[in-house]
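The structures come next, written out as structure tokens.
What follows is chain A paired twice: with chain B in the first complex and chain C in the second.
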Partner chain A sequence: MSAQHDARPAPVGGSLFNAATLVCGVLMAVAATIIVVRLFFGLSSTTNVNDGYSWGIWVVVDVFIGSALACGGFCMALLVYIFNKGRYHPLVRPALLGSLFGYTLAGAAITFDLGRWWNFWHIFWPGYFNVNSVMFEVAACITLYIIVMWIEFSPVFLEKLGLHDARRKLEKVLFFFIALGVVLPMMHQASLGTMLVVMGSQVHPLWQTPIQPLLYLLSAIMLGYGVILFESCVAASAYRRQIELSLLNPMAKVMLGIIAVFLVVRFADVAVRGALPEAFRANHVALTFWVENACLLATFLLIGTVEARRNPARLFLAGITVMLGGILLRLNGFLIAFDTGPGWRYFPSVPELLVTIGIFAAEIFGYIYITRRFPVLPREEAYAQPARS
Partner chain B sequence: MKTQARNGRVAPDGRRRFLKGCLGTAGAAVAAAAVTSPAAARETYERPAEALGLLYDATLCIGCKACVAACKRANDNPPEFSTTDKLWDTPLDTSGYTFNIIKMYRSGTMATKDDEENGYAFMKTSCMHCADPSCVSACPVTAMTKDATTGIVAYDAEACVGCRYCVVACPFGIPKYQYDSPTGKIGKCELCRHRYKDGHYSACAEVCPTGATLYGRTSDLLAEAKRRLALQPGSVTTYPRGNLSGGPDQSYEGKVGNYRQHVYGETEYGGTQVLKLSAVDFEKVGMPYLPPKSSASTSETIQHTLYGGLLMPFAVLGAMTYVARRNVHHEDDTPPPAEPGKEES
Partner chain C sequence: MANSSLLQLEGDSRIAAASERLGMRRREFLQFCATVAASLGLPPGADAAVAEAVASKKRPSVIWLHFQECTGCTESMLRAEHPTLEKLILDVISLDYHETLFAAAGHQAEQARKTAMAANKGGYVLVVEGAIPTRDGGIYCKVGGQTAIELTKECAADAAAVIAIGSCASWGGMPATDPNPTGASGVAAVLGKPVVTIPGCPPNPYNFLSTVVHFLAFGNLPPVDDLGRPKFAYSRLIHESCERRAHFDAGRFAVEFGDEGHRKGYCLYKLGCKGPETYANCPTILFGDAGAGTWPVGCGCPCFGCSEQGVGFTKPLHMLAKVKNVEPPQQYPRIVEEKGMGATLGSAAILAAVAGAAAGGAAMVARNLGLSHKAEEAERVKAASSKTEA
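After this line comes the complex of A and B, so read on.
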């Protein structure tokens, strides 16, 4: 056991003005400008969405993929507080921070994609909301989860502000919010898959299945761990810190288990529904199906053994392949293998792409700001050598 | 459970087993709910008894597009141009500003009407007013509603948040959004329900010179459609025009077309209130194959099974709260002793 396991979180410190924050700032400003144009001149002024593909990347990438990539916090809470693997505790706060920004910005992103955004409150207003609607479940649940996450994360701010009394009081009931913070994402991440069901045969048979909620839930969990691998490696390299190998190694094994379950369910479902022949046609849909699953299979090749999981480069790449697999699952269902009939085409416009990039830039900027100024990442023991294992 | 709580601690093994148990149960419940068809299955809805609709008979349609113009006027929609001179309203598809359009099927030399090979045919595109509409199920804020009596699928812009799930969900591609406006609305046919109080009915049926578009109760329209299918092609019969379920008799005698033996909309997705007859294969004229089971019923069955009465969420939340309460250690507490044994990495 190395000392870092019990290390309390501490601010990283350092300047907030550097190349990374500057680039993020510019990208955020560009995105904000485009959003203003969109709000004054309508969706067609900046995006390529149309009646065949009414949901473009602002919905599918910013919200559906963005929120799934923000499942790290929920996945760590699941491991630490539900499965009682206390040793992963140092990973909880950084993961929760990523989730906090991912979800908050996904929530912000959906607002300016809404065609009649000033009515947004109807989703929470009895008399308006429709409990049969999958979209209602997703919207209400995501909103609630964002609030819950800010509460879960608030001890960090209270700690920084020196409000120890308030922090202690909050921590007495925090277990409830932690439980909520596990249940809510399970609900809406599953429902994001159910969203495809009502679209019927417009969604290709390889992705149109009533077990979508299970697939999306499993994939959100594996994505959560994949993102933590990725984030931990990037944060370690950017802040010149140690990589928490002794934690990432066993966590990656948990992730492999989830991926294995996912793949079994995925292929069993495709086979049972008789959709397997669709995967062997010579078209782009079959190709993207195999790319999606090859990404997940590649993870086993990358980090299948204990030795391989001690290699930071391999962990980093595995994080990327898992993320790609999960991203493709969503892109395929909602855009690539979604067909509303002949004549409809969609590819995001440059301004559309810039807004999505700006949102991710905002997440990175927020992550840098909070980790440098607030106690999130585990305190680095000066010159501590990584435990040789 | 209670004794365990009073005793303070459960043996670690027992607890782990409990955790695995409750999580396994939750997972299994989710899986079972999704895979099997549960008792709470939401059946596909049927049309209301007094449902209103249209019967479009493609063999009677002459492609004059009077219905397209009348629809524009009745709904106060602006013209849309697809030609460079911009003289006439020439929409190429339905849109946020065009709720009804006549499309053309063409094959080879286009010599004869209603021939699949070397022929041409017309097809009306407008809201089918499904018995079990995907758009109504999808809408998070009840902006899309289905009238319990008339079955008309109506849209309320005041309620709408503009999420466009209805646009994505509809198998006919009917609800469309006004992307060029900062305050864009969804546009779709509402069977001219706003004109009923003035004694009018669907403008497209009102103006149709051949009775190709006929308005009425769907039950009457269905009977009329079946009557036509039973006739000998080429024989002469009476074709009503305007409003089948009331209004003055405007019928005329005409030749029976070479119908496909299928009333489109009789069973699709539980049935639609707009019915169609055609001499050309329906998929070729843009009407998709749809099973009798609606996708709204599948979607809502999943939703109700997982979230009905919030039973499952509260059960899982209860289990999670119980477990989290035991496992959350505050930083003021002494850290939990390292688990014995090596990591299973």
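After this line comes the complex of A and C, so read on.
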């Protein structure tokens, strides 16, 4: 960790009991209750998944989208440590925090979506490894990454607990975990795209492509930056703090570059495969395809200029459009444009929705708790006068 | 045995003579020989060898002992559904001693046995029907003053082959059911050496006949498993060839006698059918040669495992069988899978509420950020203008 004395993180402080945490707590309790029912009485007692749609929102939203939205941490690490842009360092910890919760809860969510969840340990047991399986790659990779992320994030806890000696020792080897923390998500985010490839013709031609892993990887990176924009703006608004505009502005530009690359690859692929006519049919699939890409294109309209990027409201909305674009890419591929044969239908049930909502509530609650009690967000005074110091 | 084609035997005078002797038409006789060869699982051409052997070989002398039993094995031989089968049995073998079928009685009968044994020393076949009591010196079954143990040992000493017919002779069968007061045992246990066993209560007469014909045609007994059972008849579970197997695999079971599944001919496993742990060829050649389609499972009666030691006469009738090949799962997939449902009012409402809350929250945050940005910009402009003014 390079020295960033001007912006050492600090706890935000303040009460943990407020309207936001109360609402989150209620939603988490509801979700926990439903999960208990599910674990004892089976998937059919709580979800609408069926043989045609064996992956409902617990997989597609909680894991595929949840983990993609949790890519902020690895995207910042990529920028700061790989491309050596040290000035972005203050953004690393908050981004990593979001990733930590996103991934940990995605990992937990997959456990109770397993039909026979008591066998979940099989995937970690060498005798059961199926090394030819995409699913194995994703499961092993995500698990490793969750562990790596907790190690990456542990200096925060060590700082808080005053274990400076342990922290110094950890930081000597931290570079190794940081490198792993960049490689692992790139591996499994691409593999999540491979899962779409192996679904074969059930996936609509607009989303069924052998380069889906590349698209998923690119979209995960752009989503990572989009989430950081969103998260920084919300944190600033909610905690009434300064926005790190001087950092978000150039970072948003990096994001735009990646979105541009993504869109070029996306449309070139659709055109080369001859699937473009599918996008001009009068059906909901074509509509959702255009909504997905319109979201990404809207980002350019929102923050295309340096001047526009200085407006936090526009940065915030751009964060949302990028997130929507990435979310729709996954939702479309796995659910909306997923056709498993005549007669099969899927729409999440109420308990299913409540669990997913509860998981996102848990992420928000965790974010509030950690940022208020642990040194994650940049110290306000130190950051407020960076030009003068 | 040069002949390997049944067709070439059509005009053979020996075949004609044999069929006349049996009161069969020549064609029926050849069909019978082919059936025996097929049920033995012999390669093509063996049917001709069987026909030749039956037609021309000297019939082996057979001594048939009865001990603790019901004579059901003999009954099933004599009352076989095929009208000529009993004739065939009696023609294929020379039954020199059989307590049920003998016209002679008393010492005369015993004398016949002794004569046959002496005349065919080392060449006769000993068939034992019924269990042998061993407790208290075997006093619970005596014939002509000799215990069953003594008779068995005496007759087996000079026999070319020993065949235990029926479950009682094979391993004790029904008389050996707990508490087994007479210490009933099988022939192999009494002789202390393996014998050919044809278990069943009763066994299909074809299994016995085929074994004897094999001995006649090839001079030795057919290959047997470690319990002495001929492999051609006992190498497969009843479950493997059962006509109701498809119902088992699909999870369709009769659960009570007379219920809908039972009337529809579903699998009897849940009624206690022991087919999954009993080795016998009942589903392929049916039970006891009692007629078309008639074997216990075919009639809706669970197999009780009569031919299997430790199952028949031991396990309660309605106890679940221990499936020896594939255990059925606790649950089966539904035959018609639910295909899912669309949005309900509740789920759509929740999704809409979340979307609305998110959109509203986002709008509020964007407005606040925009307002503060505007204020900052205005302040900046003001500061800049005041600077220029100054």
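Heads up, the rule we're going with is that the second predicted complex is superposed on the first by the 376 of 389 C-alpha atoms of A that agree within 3 Å, B and C clash if a C-alpha of one lies under 4 Å from a C-alpha of the other, contacts with A are read in each partner's own complex, and residues count from 1 in each chain.
Here is the rule we go by: a residue touches a chain if its C-beta (ideal position, glycine included) is under 8 Å from a C-beta of that chain, and two chains touch if they have at least 3 such contacts.
Everything quoted here is computed from the prediction, not taken from an experiment.
Bringing the complexes onto one copy of chain A puts chain B in a clash with chain C. When the shared chain is aligned, no partner comes close enough to touch A:T33: not chain B, not chain C. After overlaying the two complexes on the shared chain, residue contacts for A:I320 are found with chain C alone; chain B is out of touch. More chain A residues lie in contact with B than with the other chain of the pair chain B and chain C.
Of the two partner chains, chain B is the only one that A:S54 touches; chain C does not reach it. Residue contacts after overlaying the shared chain place A:T21 against neither chain B nor chain C. Of the two partner chains, chain C is the only one touched by A:C233; chain B is not. Within the superposed three-chain model, A:L114 lies in touch with chain B and out of touch with chain C [touch as defined at top]. Applying the stated contact rule after C-alpha superposition, one finds that A:T104 touches neither chain B nor chain C. Overlap of the chain B and chain C interfaces on chain A comprises residues 49-52, 343.
Contacts from chain C toward chain A in the complex involve residues 337-344, 346-348, 350-351, 354, 362, 365-370, 372-373. On chain B, the positions that touch chain A within their shared complex are 15-16, 19, 23, 30-31, 34-35, 93, 95-96, 134, 137-142, 157-165, 167-169, 171, 173, 176-186, 286, 288-290, 295-296, 298-300, 302-304, 306-307, 313, 316-317, 320-321, 323-332, 335-336, 338-339, 343-345. Listing the residues of chain A that touch chain C in their complex gives 48-53, 233-234, 236-237, 243, 310-313, 315-317, 320, 343-350, 352-354, 357. Chain contact summary for the complex, chain A toward chain B: residues 1, 5-6, 8, 39-45, 47, 49-52, 54-55, 80-87, 110, 114-117, 119-120, 122-123, 128-137, 139, 168, 171, 174-176, 178-180, 182-183, 186-187, 190-191, 194-195, 197-202, 210-214, 217, 246, 249-250, 253, 306, 309, 340-341, 343.
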